[in-house]
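Look at the two complexes coming up: chain A is in both, with chain B in one and chain C in the other.
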Partner chain A sequence: MLTILLVLIPIVTGLLALSVGGRTVRQLALLGALAELVTAVVAWTQFDPAAGTQFGFKYTWIASAGISFSAGIDGISLLLVLLTTFLTPLIILSTFGYDYKNSSAFYALILFMEAALVGVFTATDVFLFYLFFEAALIPVYFLAAVWGGENRLKVTFKFFVYTIFGSLFMLVALVYLYFQTPGEHTSEITALYDLILDAKTQSWVFWGLFIAFAIKMPLFPFHTWQPDTYTESPTPATMLLSGIMLKMGVYGLIRLLLPIVPLGLAQWGEVAIVLSVIGIVYGSIIAIQQRDMKRLIAYSSFAHVGLMAAGVFSTTLNGLQGALIQMLAHGINVVGMFFIVEIIYSRTKSRYLDHLGGITQKTPHLTVYFMILLLGSVALPLTNGFVGEFLLLAGVFEYNNWLGAVAGLTIILGAVYLLRMFQKAMFGAPSAASESFKDLTVSERAVLIPLAIMVFWIGIYPSTFLKMTEPAVHQILRFINS
Partner chain B sequence: MYPIVLLSVLGIVVLYLGFLKSKSILLPATLLFLVVAMIGNFFEWNDGELLYFKGMFAVNKLTLTFNAIVLFSAFMIVAMTQGFQDNEEAQPAEYFALMLFSLVGAFMMIGFENLIMLFLGVEILSVAMYVLTGSDKRNLRSNEAALKYFLMGAFATGIMLFGIALLYGASGSFSLNGIESFVTLNQRSPSYLLYAGLLLVLIGMLFKVSAAPFHFWTPDVYDGAPSIFTAFMATIVKTAGFAALFRLLSHSFSGIYDFWWPTLSILTVLTLLVGNIIAVYQDSFKRMLAYSSISHAGYLLIALTSMTKQTENAILFYSMAYSFATICAFGVLIPVAREKSLEGRPNESYEAFNGLAKNNPLLAFVLTVSMLSLAGIPLTAGFWGKFFVFSSAVERELVWMIIVAVLMSAVGIYYYFRVIMAAYMKEGDTATIRIAPFYKIVLIAATLLTILFGLAPGLFEAAM
Partner chain C sequence: MSLFLLVLIPLLPLIGFVINGIGFRHIPKGAVGVIGSLAALGSFAASVAVLLAFKEAGSQPQIVSLFDWITVGELSIPFSFQHDQLSLLMLMIITGVGSLIHIYSIGYMKHDEGFGKFFAFLNLFLFFMLLLVMGSNYVIMFIGWEGVGLCSYLLIGFWNKNTSYNNAARKAFIMNRIGDLGFLLGIFTIIATFGSVEYTEVFRQATGLPIGDPVLITITLLLFVGAMGKSAQIPLYTWLPDAMAGPTPVSALIHAATMVTAGIYMVIRSNVLYTLAPETLEVVAIVGAATAIFAASIGLLQNDIKKVLAYSTVSQLGYMFLGLGVMAYSASMFHVITHAFFKALLFLGAGSVIHAMSDEQDIRKMGGLRKKLPITFITFFIATWAISGLPPFSGFFSKDEILAHAFEHNKLLWAVGLVGSAMTSFYMFRLLFLTFFGTFRGTHEQEHHLHESPASMTIPLMVLAVFSALGGVIGIPEALGGSHQLAEFMSPLFDNSRQANPEAFMPISLSHSEEYMLMGVSVLVALLSGIAAYVMYISKASVPAPESETRQGVQRAVYHKYYVDELYDAVFVKPMRTLSNLLASFGEFFIDLFVDGTGRLVKALANLGRQTQTGSTGYYIFAMVVGIMVILFWNLLIK
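Our next item is the complex of A and B:
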């Protein structure tokens, strides 16, 4: 019951927002997103980690084909639902200082996006999963293509075609799996876990699924759409893309790829993990050379997601748990960082490091929050990034020492590009652009304070979240090893 | 059976109504007649399998559902003719009567039990369409289109008739059952006469549904015909054609599946490639829709080629989703092209849509949903159409065909999204276009149905 409510609240609020219009629409959108957050927190308080999938509902969708509209929440789902519902109100709040033309459509699209994301994370039927997986693309495409920067048309188009293309292969793989289910076919995800397929078939299915998720995250070498799209999109869309949507890919790996095709993974897991590790180093090195702050964070996000994927493909408890906690941490950090870039851009009209500098002298508040989020990303102990990266690296080391060592570069390189960005933008003599820089407004602080709190919460007491996901992760690992 | 009788009679009534001074009664009368036919269609819903004319014509749930799709599409298209009889030279009574007569042809193609009936249906449908294609008398391109369509169409019908003759020569029967029993009896020793006959009939039918390499008439004819009749051709002719192909292949020739599926699979892949790739290079939205209709013929052919239990459902759902989306696309194109007309001719290029969303949010939205549905994006009916088609191919494990189809779907997104981008993201000013209320209702209804079937495809099954 709670699950259906979680999917419906944003849709209803979105439709309301479309019909209301005017200046009240942003308050309405915020209210809807907060109601969604409250619902998710209620689900959290009633959640029992040991009890598997909960709050489920099932409605027959296509009776003759055994496809049902069914969703439920287990530990992994809950973590991502909490991330989505926590970030969306903040993303909406972050737009309060700005005017977007045609705002009712703008906020409605953000809310539709939230509904689709929650749908992806809670679906227990593969076709429902696929439907939401694709549906999430439409609102964010329009957000990016209508309200984006100069090159938006070309860039978002590439993004759209690229990701749909990947997903179609997943669809074919899923349809194939569906026909392998015994007797009256069913598309329940758990039924697919029980399939016994030979190694050759599994390797085909592996690639069908892997390409879809690898494009979505993105992993090296499927990442070419990502930096441009992140840079050209309006910041709220970038936040949705990097903070939440990227997690759909990682989630898909954990939920579908690992348990359904363990033999495919045994054959190709090595390739996948090597690609992920290449992405880490490659993304970091390019990030070091960026001058545009938004682009820099885009590449850093690419590098970070590489590490998450490497952790997942290590198929160790540490790797998976690390990937999950890092999804949460990365979502929080990257949304905060993009917001700070947007704040700087709105004040100085520039995102280029060469034009900035000396901001820190007039803005104690901004500097503090920026530093907190930055250190979270750099993975300083006691911040959220540390827990995730530590577990992830432990997982990759268990898999292979050499790969672990290379993946470990992420911490050093991450510190290099992030601190370089901070130094160039914030310290030094004030540039012409940053001379009359005003410190944070109330609504900006309202976004950054919750993010900063989460950075420390996860950093100091990660067990809150690790305990939530552990039983579900164990279950997935059982499927891989059986 | 009722719709055939009703529409034949009511078509003549419409002709007589044309003698009245007031032309404004024609449209409501035609719409009313279509509703009457629709009601008549469902009289036989619970009667199971019925045969008429000494077993030459069949009525069952499948044919009735196809009839309903065709009638519903026709209703929407006729409703969109509002305003076109303002033209003094136009003969609305004749157009409406021809449309009703061509529907009779479509019903015969859907329910035939005998190849003679199929031939009659194809001819009734086609002859009406030849005339309608050329109905824009002062327009050179409309005339050219009509002539082209007629010559090529007559040629294709000739080939089909030849094929029917060969089939008769081989099996000694025109009826589907007779041919079927011949095929099952002689499964071991193939009759080449039968094979040749089947191929020729297939060529004739594939011409009608514009599958490659028999598609060369499509772009010019679709482009030259008045948009409203292009919509008619793209939806009703195609639906009826695939219903007939399905009936033929699933019924009489299922025994020699191994013979015809390789042939059909090559044509399928060719159709997918030709339709999608050439569509990318079009500058005219209407011409793009012509190539898109070729590509959709390709997707429907995938379902036919795989011929599994899923196929029936796949073809029904796909033709419905495709028809609704295409009608919406033409429904937006017609007023926009008229508004933006250049030198008295409607402007059907992509540029005509630039900045449409600013003052015409409804039209832009309808256009977007129809393009998303044609592209097969989830939450629209088009997605489930593709889904069913792909699943039938996956069940047969036609791997390479699926790979082509997936690649071409990605290509499809490119040209469908061009017009969405033009409407929402390009600069341009289109004044608010006035649309008659009923026209608006039809557009909204078709759009809502597209979304509804996208959310709950089970509804369609439940209705059957």
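Our next item is the complex of A and C:
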């Protein structure tokens, strides 16, 4: 029951927002997102990690075909629902300092996006999963295409075609799997886990699913849509894309790819993990010389998601648990980082490191939050990034020592590019652009404080979240090893 | 009660950090200094209390678990503390010297606008350093390990308007991170081998492994990479001289007395693993000896008072690793302790000089300061005597013990150590003579301004001078009629090692006369070097050539620090930048081209024989999608 509420609240608020309009629309949107957060927290308090999928619902969709609207929440879903519902109100709040034209549509799209994301993370029917997976693309596409930067049309078109292209692969694979289910056929995800397919078929299905998720995350070499899209999109859309939407890809790997095609994984997992690790190093190296802060963070995100995927493909408990906690951590850090860039941009009208410098002289508060998020991103112990990277690297290392060592370069290269960015923007002599820099406003702080708290919470007491997901991860691993 | 005290040790500096960190723009300067220093002193008091309780309770190591930190499946990493002889010794150094340096900073940083921020960072550093030595497993050590790196970064770049300082800070962090990756991989190997990261469990299992087991060699080497970064050993030492960009108390605390000795702490902590991996110890000894002599030689020609001391620190750390490499674990710890005293004193003395000289650091512009800064001079002199290894001050005992073990192990290592020791004595006396003797060579304005530092600065100097002079008493060897209390105190730490590799723990086989001979040689060498420095800089009153003069041959290479920075720049930094640019332009371009090309290819296949010339990318991509769909459908659904 709670699950259906979680999907409906943003949709209803979004529709309301569309019909209301005017200045109050953003307060309305924030209220809706907060109500959603409260609902998710209620689900969390009632959640029992050992009890499998909970709070579910099931309505027949196409009875004759065994397809239904069914969703529910297990530990993995809950983690991502919490991430989504925690970040969305902050993303909405982050827009309070700015005016977006046609704001009712703007906020409605954000809320629709939230509904679709929650849908993806809770769907227990594979076609419903697919429906939400595709539906999530539409709002963010419009956000980017309507409110984005100069090159938005060209860039968003590429993004759209790329991801649609990927999804079609998945659709084929899913349709195929559906037809393999016994008897009347069913599209329940757990039914697909039980399918017995030969190795060759599994390989095909593996690639069908892999390409879809690899594009979404993105993984090397399917990433060329990402830096442009992140850079050109309006910052709230960038936050949605990087903070939450890319997790659909990682989630898809864990929820569908690993348990459904273990033999395909056995054959091709090595290629996938190598591609992931290449992405870590490749993205990190490119990030070193970036001048546009947004683009730099885009590449950093690309590198980080590579590590998550590598952890997933290591198919170790450490790697999977690491990927899950890192999804949470990365969402928080990357949203915070993009917000800080937006704050800097709003004051200086520039995101180019060459034009910035010396900002810290005027802004003790901004400096502190920026530093905290940065430390999370470079995985300093006692911040959120460390727990994730430690477990991920431990998992990849367990899979193969050398791959672990190469993936570990992220802790060096991450420091290289992020400290360079921090230094060029914040330290040194103040530039002309940062001369009259105003420190944080109240609403900006209201966004950054919860993020900073989460950086330390996850860093100091990760058990809260690790315990939530471990039984579900064990479940998944059992399917791989059986 | 004991638990409370134990938790208080790291907690007090953390509280100090939070108070000063949040309120530094609102709390008056006086209060900031008091809060910061009280946090350190309180932590010191708690450490003393824990030490006393520990001795009273029969010197049994104790582990106190606070909470479950990271637990995944079988692997459990608790947030827990262990106190035993080793961590207690480190606690005494960190909080003791740390407190003195906090007090000193009240005077030294008085006029700095970032006073509150400075004390906040200093407290934060103490917190992480304390975690490093108090943790009961490798991951807690790693928290401290990285945390002190962060504080080092923040404090080197403390004056962040200056770009070269910021670069130095960044360099320090990144080089440390290179080491940290090694450390981390070491931890992963430990997890894979022992299924735990808790010291007691790891060492218990390791005792059962054969000497020279490849896994142990791998683990110890990887951990040692971490030590190379943190303790500035070849090839990861170049960050430490640059780190002198930070305020001088920072150099004394972090880059001399405490943080940089973390690597030595780690090896002694892991002594079981190292004892079982003789090949690694060989590497440790060679790296240590090489660093000792290499850095000392650079120190011979430096003219920045802090740079001389920085290279000296790198060199002295080399001695400590040399000691570890020849399994003189407690001798290395002895040197950690005495070095903490005299090197902190030297840095604080240098700070006092810099303070008096209106921020001048070039010793060519100093001279004759002993009359105007008598306390600084006398204490600096004591420290110089101590570091040069001259009796009866502390450095003599600790360095000699390391050299005696090196002699027993390998004569070549001993000879290298001895040459390094000669250099040490020379550059230190050179520094002393150029700074405090002769005539003043600075500007009139500077001369007019010369003054002894305030009491908050001179009292710590005097306290440290006493310890630098007398600190040796804790480790007087039998040959000199002592009982080496330190070695006795530390002895239980090596029980596992002794059990696992008894041969390596045979007592020193040198006769007393041989020991006297070794002592005589090293004292003689140090004295001769000191006299050479005297002849050059006092009798002949020569002053090093100014920057503008071109130097020749070896001198040129040494003066430019053997061009190692330039080498790293050319081999790592520049190529990495070029690669970054290349990948960002060509790499991305080709991948795009490839993606596009796949589309075209598929289109060509899908529409074989059909002529299309629409020229629209959208169409191509659409065709590509359709094409691949067809292939997939064919393979999955139809075939």
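Here, the second predicted complex is superposed on the first by the 482 of 482 C-alpha atoms of A that agree within 3 Å, B and C clash if a C-alpha of one lies under 4 Å from a C-alpha of the other, contacts with A are read in each partner's own complex, and residues count from 1 in each chain.
Going forward, a contact is a pair of C-beta atoms (placed from the backbone, for glycine too) under 8 Å apart; a residue touches a chain by one contact, two chains touch by 3 or more.
Keep in mind it's a predicted model, so treat the numbers as computed, not measured.
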Touching partner for A:Ala135 - first (chain B), second (chain C), both, neither: first
First, second, both or neither for A:Gln289, with chain B first and chain C second: second
Which of chain B and chain C A:Leu153 touches, first, second, both or neither: first
Contacts of A:Thr201 with chain B and chain C, given as first, second, both or neither: second
Touched partner set for A:Tyr461, first chain B, second chain C, both or neither: second
Partner chain in contact with A:Arg420 - chain B first, chain C second, else both or neither: second
Touched partner set for A:Val161, first chain B, second chain C, both or neither: both
Partner, of chain C and chain B, that touches more residues belonging to chain A: C
Partner chain in contact with A:Gly408 - chain B first, chain C second, else both or neither: second
Which of chain B and chain C A:Tyr100 touches, first, second, both or neither: neither
Chain C-contacting residues of chain A that also contact chain B: 157, 161, 164-165, 168-169, 172, 175-176, 179
Chain A residues touching chain B - in the complex, by the definition given at the top: 60-64, 127, 130-131, 134-135, 138, 142, 145-146, 152-153, 157, 160-161, 164-165, 168-169, 171-172, 175-176, 178-179
Chain C residues within the chain A interface of the complex: 25, 67-73, 75, 139, 142-143, 146-147, 150, 153, 157, 160-163, 166-167, 170, 173-174, 177-178, 180-181, 184-185, 188-189, 191-192, 576-577, 579-581, 583-584, 587-588, 591-592, 594-595, 618, 621-622, 624-625, 628-629, 632-633, 635-637
In the complex with chain A, residue positions of chain B that touch it: 313, 372, 377-379, 383, 387, 390-391, 394-395, 402, 406-407, 409-410, 413-414, 417, 421, 424-425, 456-458, 461-462
Chain A to chain C touching residues, read off their complex: 157, 161, 164-165, 168-169, 172-173, 175-176, 179, 201, 204-205, 208, 221-224, 227, 282, 285-290, 317-318, 321, 358, 360-361, 364, 375, 380-382, 386-387, 390-391, 393-394, 397-398, 401, 404-405, 408-409, 411-412, 415-416, 419-420, 423, 426-429, 460-463, 466-467, 470
